[in-house]
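Take a look at the structures listed below.
Next come two complexes built around chain A: one with chain B, the other with chain C.
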Partner chain A sequence: MMARQPAAGDRLSNLRKRFFPTPLQAALSLASLALLVTLAWKIVDWAILSAVFTAEGGPAACKAAEGACWSVIANRWRIIMFGLYPYDEQWRSALACLVVVAMIVLSCLPAFWTGKRIAAVWIVGVALFYGLMKGGVFGLRYIGEEAWGGLALTLFIFVSTCFIGFPLSIVLALLRRSELPWISRVTGLIIDSVRSLPLISILFAFAVVVPFMLPGWLQGDKLYRVIVGSALFFAAYQAEIVRGGMQGVAHGQEEAAKALGIGYWHRVSRILLPQAMRNALPATINQFVISFKETSLVIVVGFFEILASGNAAYGTGEWTFAYVEVYAFIALIYFVFVYSLSRYGAFLERRMAVGAR
Partner chain B sequence: MTRTNQSETPAVLIEAMSKSYGSFKVLRDINLRVPRGEKVVVCGPSGSGKSTMIRCINRLEQHDEGRISVLGTELNDDVARIDEIRREVGMVFQHFNLFPHMTVLENCVLAPTLVRRTPRADAEAIAMRYLEKVRIPEQALKYPGQLSGGQQQRVAIARALCMQPEILLFDEPTSALDPEMINEVLDVMVTLASEGITMICVTHEMGFARRVADRVIFMDGGEIVEEGPPETFFVAPSSERTKKFLSQVLRH
Partner chain C sequence: MFALLRRQKVRNALLQIFFVGTIAAIVIGGWLNAQQTLERQRIVSGFDFLWRSTGWEGNFSLLAATPNDPYWWFFVVGLVNTLFLGVIGLLLATFVGLTVGLARISSNEVLRFLGRIYVDFFRNIPLILQVFFWYAFVTHMPAPRAAYDLGSLKISSRGIYAPVPNVQWEFLLASVVCVVAAIVVPIWLGGTRYLSRPPEQRRGLRVAACLGLLALAVLVFAAGGKAGEPLFSVPELQGLNLRGGMRISPEFSALAIAMALYGGAYIGEIVRGGFKAVGRGQIEAAESLGLTPWRIFSHVRLPLALRAMLPILANQYIWLIKATTLGITIGFTDFFMVVAITINQSGNTLEAIGILMAGFLLVNLSLGALFNHVNKAIALKGNQLRS
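Up next, the complex of A and B:
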């Protein structure tokens, strides 16, 4: 190891070989470098050096400055994060966000992958979330779903979509593989129909059309109908991903399990699904990432999730010039969640690679 | 069931069994009675229906006509009954079919704990006993992908034994192995044969058949063409088809 440590001169000659072998390539390398440096400088200058950070002074302080106006975030972050949620109660929404994040993190830890622990996490998590967001208990003021917004709403829609959609996708995938032709055909028809429709139209249908078809006691709040719609959409796509994973499991696996006398449900849960999910993992993480970002579509049926709240934050006359800063801030929040999800996917892949040749 | 009664019911009884894939008849009019404890070797050219026949015994394939009884229970569409029979009939496959996401020990423990409801500790003790029997207890915590083909097949035998079945079916257990690994698997099978379990074995290993089989069955074109104890089967086959097959298999 020590002997292979390249000397400084060595590294320099490598650099020259790679980027400056001919005059033309040297010129191209220099031009690209200049472009990158200029770009980086512009961004740093805009975002930090010439930016205005103080909350005081309001929009007027920004007008003079060349760079970013981060004071819009300092002034309006509560609208972005909490939407229409009553100002004095926003600490509840913040705590609820933490509860959801804790729920997601705990469910992702292999130590919690037993029936009892995962159930405990979800029951306690959902109860806490509702207690905080909706109130009406322990002296907390009642706040209906129509006033929920911002990050808490985005997280709630995402988590419930996955929580309903993921198990549903496994059921659909199994039904589509059924040996009874009428079951597999009907399931195929449902999956293909849902996939053929745009998500927006499904959200519209569940928010606006479904109430005309269902009796009042079955309608539920608009929020829950929208979640059911988006879960159905998620499940239709994810079902095909799971089915693809199942097709990658060798036929002999099922036969070996049958020959041991293992019944259908144990064959599915112990032999088929663990291997199918390992095959389907990259595409599954993809689906989760897409679903997280698609939560922003609920804006069309009047929900103020984080992106819509952001629009509202700069939409009030005085801050309209600062939309780039607001979107950059929201992009950062999306990035934190989605990037963590991707890294978690990579961790799972490494963990599941155990025993694979 | 009394003891005499039990020894009278054959391990496997196949009567007038036929099976077709569409218009192609893979099995025609198979009649076979395997008493308990018998070792039967089934041989024949590829496509002769020998694998299909033994796969019908634990209903990995469904027969169209005739009757199959295993340990006195007739196979039909009753799923509970099929599972009941499969518990008593172990199977070893050409391609091992170990569960790749589980360790060797988990492969062996899974079915006894799920199907027989054996407590985990007991199931592990049984598994270790059979892994010792197939001579690889030291691999218990490895994954199948880390083992050689011969080792994997021995694990597959141990996994089948862990259910403590009355009957073991072997479907060309050495055909997918490299030549130098065939003997380690055959040695294990010879040891098993000396212990009284009923064995039905589809194989091309004629040396194994000579040493172990009580009866050799030759199939061709979906039919049982000839059967007999190895001494007469190999020395004085009666049908032309058998003679031709043996001359091809035993040439070297």
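Up next, the complex of A and C:
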């Protein structure tokens, strides 16, 4: 390695040292820079400069143009966002999505990180969302689940997966680390077998197979069965994360609590869980990110969530050529949610510096 | 009675019996209920259906399958397809991931930035969306008549047509073995202690071994040719379709591309993490010993990083293998799709789900065992290596 030279004052030599220290590095920098610029130019040119934005011209205007055909979005965005939800009531669907976004943002604020507050935010949020979507109260028209679709359905599945899955995961984690051998073994078996299966097959089983196994009055709507399946999958992974967090809590803590005669529930809820959740926070956020991306799998069991409605938006007749634009639009929506969540996770990880003692 | 309940041991035993009993009751109750429902629908339970013929055809299969074949054969076909797609997807993803990971740890800032853009882009879009996109992309390629022509490789909406060797398979296998040996033997020669000549002076020997084995591979390959036919079957346009060569179906290529790009982003991060885990002191020690940057990379950083990333990599591989089930969304005949169709057609729901679970457990457990073995074999012995 070269000896470090004292920092030169002016900016140009600094730049030279950063990007062109040796001929090889210079060539590498230039090549990557060229790739970057071409890529950026191509995308800007395609997406903005030679794209068609208005819906008036229809498909014909798009075919003449070189770039992207955003008119398909202008034409079909309501299908993509709201699916089959009745046209006049779509503001409710949009409002419900905003409620979910607000709920997620609130849960990211440290002020809400106590068991009671986070539970309150989620219960109120889910109830609001459900009321808005389903109606039947406060003079809102009743709209059944079969008409739900698009972004609202995606968010609903995600939110209710977490809503059921998160408490379940804590229960599973506690059962798995129980001192009673049979309880921990059976729970371990359940967790491991759920984890070894692909999510699709679990969704499929809950949609198609479970109706055979349950008596009629217990079956419920397919949507809720699939949500239970996805929550179970989420809980199996999250339980291992929580358990990992619990292992990070020093043994002395629990022993001290026992020595003071503190009972099991108190010990778990006031001493073990707060510290374990703190250890597990980065991995938990990562799990939320993964589970948000995986909501899109419900398309397999026939739900009209955002990806399926996107397929429908370009799949019919005149717009079939515009698949890139539709997928780009949906990808952008996913990207906004997932990227901001994962950035937030990275920020937390840095802030808390878990693992650095 | 109550005095008994106050005893810790008795209470624990009762709790456990209650817990296990509840779970068992749920499972058995569900099973019995399912039996009843199925009987009402006149579906014969049991595994006898495996020997009935299916009456459907897969659109992609490595092994020959006709509608007359029994169900069990289709399960095998599906599993082989899944494994094949999994292996190809894993190899491609590893390649992409290594490239991206090396870009992300390079000392060049622009290259690092490029790697970061790649990871952020591909990791934050659901895999299924990418699969759909690539499937739409490959099926929107021009028709066979106007196929893109890259030498003897042809790309059309019906799939990618590639030339394949047209030799007897025993000879093909032998020649592949020779090629593998041409890579392995020189490496072995470089490290073995069976030769008296010191490792630095074995260069000529290694080059000779490599070239000799490659030449042998070519000879074996040529010897296996069928009389009167060319050594390669090349796709040609005949009428409205392409004939000859090997067809890679759009479903397969879409899945393989998506898995490679998406998995590559994740593996890239794992590679970066592995290299970051190598202690600074190790590298400084190597530098102060005067090793060249390449030797530091290949003899210090890479071996240590590999050990750090292997356990995480194993999890990622298992995840990717499970992700092949996405094939059902675009109609690739994988293991899960065979199960789903079986349920649809024969109604033997519970049995089929059981086979599905068994199949994935088998694959995951064997992959896990393989990685555990590798992990143990290369684990650092002793505790002298602290950064």
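Note that in this section the second predicted complex is superposed on the first by the 303 of 357 C-alpha atoms of A that agree within 3 Å, B and C clash if a C-alpha of one lies under 4 Å from a C-alpha of the other, contacts with A are read in each partner's own complex, and residues count from 1 in each chain.
In the analysis below, a residue touches a chain if its C-beta (ideal position, glycine included) is under 8 Å from a C-beta of that chain, and two chains touch if they have at least 3 such contacts.
What you see is a predicted model, and the numbers here were worked out from it, not measured in a lab.
Once the two structures are overlaid, the count of chain A residues touched is higher for C than for its counterpart among chain B and chain C. After overlaying the two complexes on the shared chain, residue contacts for A:Leu260 are found with chain B alone; chain C is out of touch. In the superposition on chain A, A:Lys293 makes contact with chain C only, not with chain B. In the overlay built on the shared chain, the residue A:Ala61 is in contact with neither chain B nor chain C. In the superposed pair of complexes, A:Val126 makes contact with neither chain B nor chain C. In the superposition on chain A, no contact is made by A:Ala94 with either chain B or chain C. In the superposition on chain A, A:Ile183 makes contact with chain C only, while chain B stays out of contact range.
Shared-chain residue A:Gly252: touches chain B; no touch with chain C. When the two complexes are overlaid on their common chain A, residue A:Ile164 makes contact with neither chain B nor chain C. Contacts of chain A with chain B, set against its contacts with chain C after fitting on chain A, share not one residue. Against chain A, in their complex, chain C makes its touches with residues 12, 15-16, 19-20, 23, 30-31, 33-34, 37-38, 106-111, 113-114, 117, 120-121, 123-129, 132-133, 136-137, 140, 287, 293, 322-323, 325-326, 328-329, 336, 339-340, 343, 349-350, 353, 356-357, 360-361, 364-365. Interface residues of chain B, counted against chain A in their complex, comprise 58, 60, 83-84, 86-87, 89-91, 93, 95, 97-103, 110-111, 114-115, 143-146, 156, 159-160, 163, 169.
Residues 250, 252-253, 255-263, 266, 270-271, 274-275, 278, 352, 354-357 of chain A are the ones that touch chain B when the two sit in their complex. Chain contact summary for the complex, chain A toward chain C: residues 1, 18-19, 25, 28-29, 32-33, 35-36, 175, 180-183, 186, 190, 193, 196-201, 204-205, 208-209, 212-215, 293-294, 296-297, 299-300, 307, 311, 321, 323-324, 327, 330-331, 334-335, 338-339, 342.
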